[in-house]
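Pasting the structures in now, so scroll down.
Presented sequentially are two complexes of chain A, the first with chain B as partner and the second with chain C.
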Partner chain A sequence: MSSTYEVTDSAKPHLPGESGVWMFIIGDVLIFSLLFSVFVYDRSQEVALFIEQQQLLNQTFGLVNTLLLLTSSWLVALAVHGARTGHLSQARGCFVLAILGGIGFVVIKYFEWSEKLTADLTIETNNFFMYYYLMTGIHLMHMFIGIGVLVFLWQCVRDAEFNTQGMGVLESGACFWPLVDIVWIALFALLYLMR
Partner chain B sequence: MGRLDSGDGIVVAVWTWIGFREKFHYATAAILIITFVKIRFVFLDFMELRTAPWPLRMAFEVWAIAACVTLLGLYSLGV
Partner chain C sequence: MNIRNQLICAWSAVGFASICLAGFLFANFIPPISPNLSAEEVAAIYSENVLSMRFGILLIMSSAGFICSFAAALAVQMKRIEGDLAPFTYAQLGAGCISTLVFVFAGVFWTGAAFRPDHDPELTRMLNDLGWITLLMTFAPFIIQNIALGLCILSDKQANPVFARWVGYYNLWVAVLFVPGGLLTFFKTGPFAWDGLFVWWVPFAVFFTWYLVMFYILLGAIKRQAQSEPTVAA
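Up next is the complex of A and B:
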């Protein structure tokens, strides 16, 4: 076990990761907020169409993916805690499971998109499916980046020399994954559940 | 806890305003509110904003309330 990194005073504020990463996260959150607002506004102009087309989505896929991402985010939080307290084997295991959760999401998304494309529902079908492919596509790009980041973080904690200096990098990378989760939670509500 | 109470107050105020509108789909409003409560817990606990410097935490708290209220308002245009 290498050196540990404790946030000894729990009352003292602690910025997880680098401030630059947070600027990126805030920018991403604002861009997605704008996209969500435009979607809900456009939906209000064609409510009947959006509700009718929404029936063609598979809510089970959406729900399973929500559970996968929530669990995956929780595992990343556990991994960071494990690395911080010197439990590197716990951190490694949690990162592997989180990566598998992310891959599971992508596989389900592949089946979901295949199902839609087979039924001839494309980005050009109507406004609902334009937003569906646009928003889930942008989210999927974040998923690929996020899985890449998780693999990198897993490599970091595999290093027996992992120490305090590495914690900043670990926290910075780990902050990105829950962002992907947050965006999906909102997308699930807007695309699959909103009536 | 005080911040949570003020956030709840805003949600209740929006809910009451919504209540005056006819044909409003309460289930969708509830889904949106629950969604942002869930999002709030993800950024507080999984992104560790609960122990982050207050300006950063406050920025996300304000964003969650503003985004939820905005989406509820835009949604109400179509009912």
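Up next is the complex of A and C:
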């Protein structure tokens, strides 16, 4: 594994970031897959309850959050592209907007959880809400880490001396955000939509 | 001399993992005693196997000190990355040493349960509860140890890095896997109870695998140091 990072020319297949970061991402996806499998199994034991309880979720919150994260991931891709092509002000702007998208997600999640908690739906109500809080909670933890990573990347491109040498760090960090996005989409489908 | 001392400390990973695992087997703690059992059921488990459990718990407690010496061996190699001002090294060493207490205190509580098998079943169950809670909910020092080690490895800018970079990401991943332990406070059954998939099986497997992986990685780092700095080896 080489410690220097080269920007490959676009004709060659190119794995964004360094290979080590993909180990983390695949490991994390593995654990989420395990969690989702356990959810699907437990759901199959109590299908009626899960479908009935699912009606209590607010699909609008879920959908808005999905759109926020998708937009935010797209902005991160634009930011990385901007940094690679030397448009640093575009990269900075896109990172700020992506971070705001992430914060927006957290704020909506706060309102969504408060709505559930005031309706006396807690982690101990039943198995459906146990999974609801656990899965959205573990995802929220990833959101906080992801926002932290984005702030760090934003700081990187604010540096006037940023150049393509820094692309390795930038790409490695930027790979994490779509992971958070993809996990959310799977989670949205399983919790909010699956019938 | 220095290399030999480092190797002695590195081998304590094997000492820890083998003695501790043997302890869990003797104590019949794999799988764990379910948090969903009645006081009488828990008391029956302790009174039926009392000698084997006492011995197993003793082994678990005996193995705990090796965590410190292994953390020290890691710290020596981490310091080669950080130099004199070495906050990640100290964070790893401190958190690693503190996590010794997790195994010591879990053992204290379990021994409390096994010490007088004839006492009130409610007391046996409470001490048993405390043992498992101590073992599995105390993820805080473990994740700091892994994060400090991971960030230190990723910050290595030398041409010949002390550890491969994937080891840094591996440690960050391991840190994430210990966090669900905190959820055991909400559950008596299911995947997040202390005998469930995400609180027991995944962290347990990842924890002991981590010792073996890091032992192997550390031996490689020490070997490379011995070759590149012959004065240290002398």
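Quick note on the criterion: the second predicted complex is superposed on the first by the 186 of 195 C-alpha atoms of A that agree within 3 Å, B and C clash if a C-alpha of one lies under 4 Å from a C-alpha of the other, contacts with A are read in each partner's own complex, and residues count from 1 in each chain.
Operating definition for what follows: contacts are C-beta pairs under 8 Å (C-beta built on N, C-alpha and C of every residue); 3 or more make two chains touch, one makes a residue touch a chain.
Keep in mind the model is a prediction, meaning the values are calculated, not measured.
Colleague: Counting only touches as set out at the top, which of chain B and chain C does A:A119 meet: first, second, both, neither?
Modeller: A:A119 contacts neither chain B nor chain C.
Colleague: By the touch definition at the top of the document, which applies to A:E18: first (chain B), second (chain C), both, or neither?
Modeller: Once the two structures are laid over each other on A, A:E18 reaches chain C alone.
Colleague: I'd like to know which partner A:V107 touches here: chain B for first, chain C for second, both or neither.
Modeller: neither
Colleague: Using the superposition on chain A described above, determine whether A:L63 touches chain B (first), chain C (second), both, or neither.
Modeller: neither
Colleague: Any idea whether chain B or chain C touches more of chain A?
Modeller: B
Colleague: Which of the residues in chain A end up touching chain C in this complex?
Modeller: 1, 3, 18-21, 23-24, 27-28, 31, 34-35, 38, 42, 123-124, 127, 130, 134, 138, 141
Colleague: Within the complex, which stretch of chain C touches chain A?
Modeller: Within the complex, chain C touches chain A at residues 156-159, 161, 164-166, 168-170, 172-173, 176-177, 179-180, 183, 186-187, 190-192, 197-198, 202.
Colleague: Show which residues of chain B lie in contact with chain A when the two form their complex.
Modeller: Those in contact with chain A are residues 25, 27-28, 31-32, 35, 38-39, 42-43, 45-49, 51-54, 56, 59-60, 63, 67, 70-71, 74-79.
Colleague: Under the definition above, what is the set of chain A residues touching chain B in their complex?
Modeller: Touch list, chain A to chain B: 7, 10, 13-16, 22, 26, 29-30, 33, 36-37, 40-41, 43-45, 47, 70, 73-74, 76-77, 80, 171, 175, 177-179, 181-182, 185-186, 188-190, 193-195.
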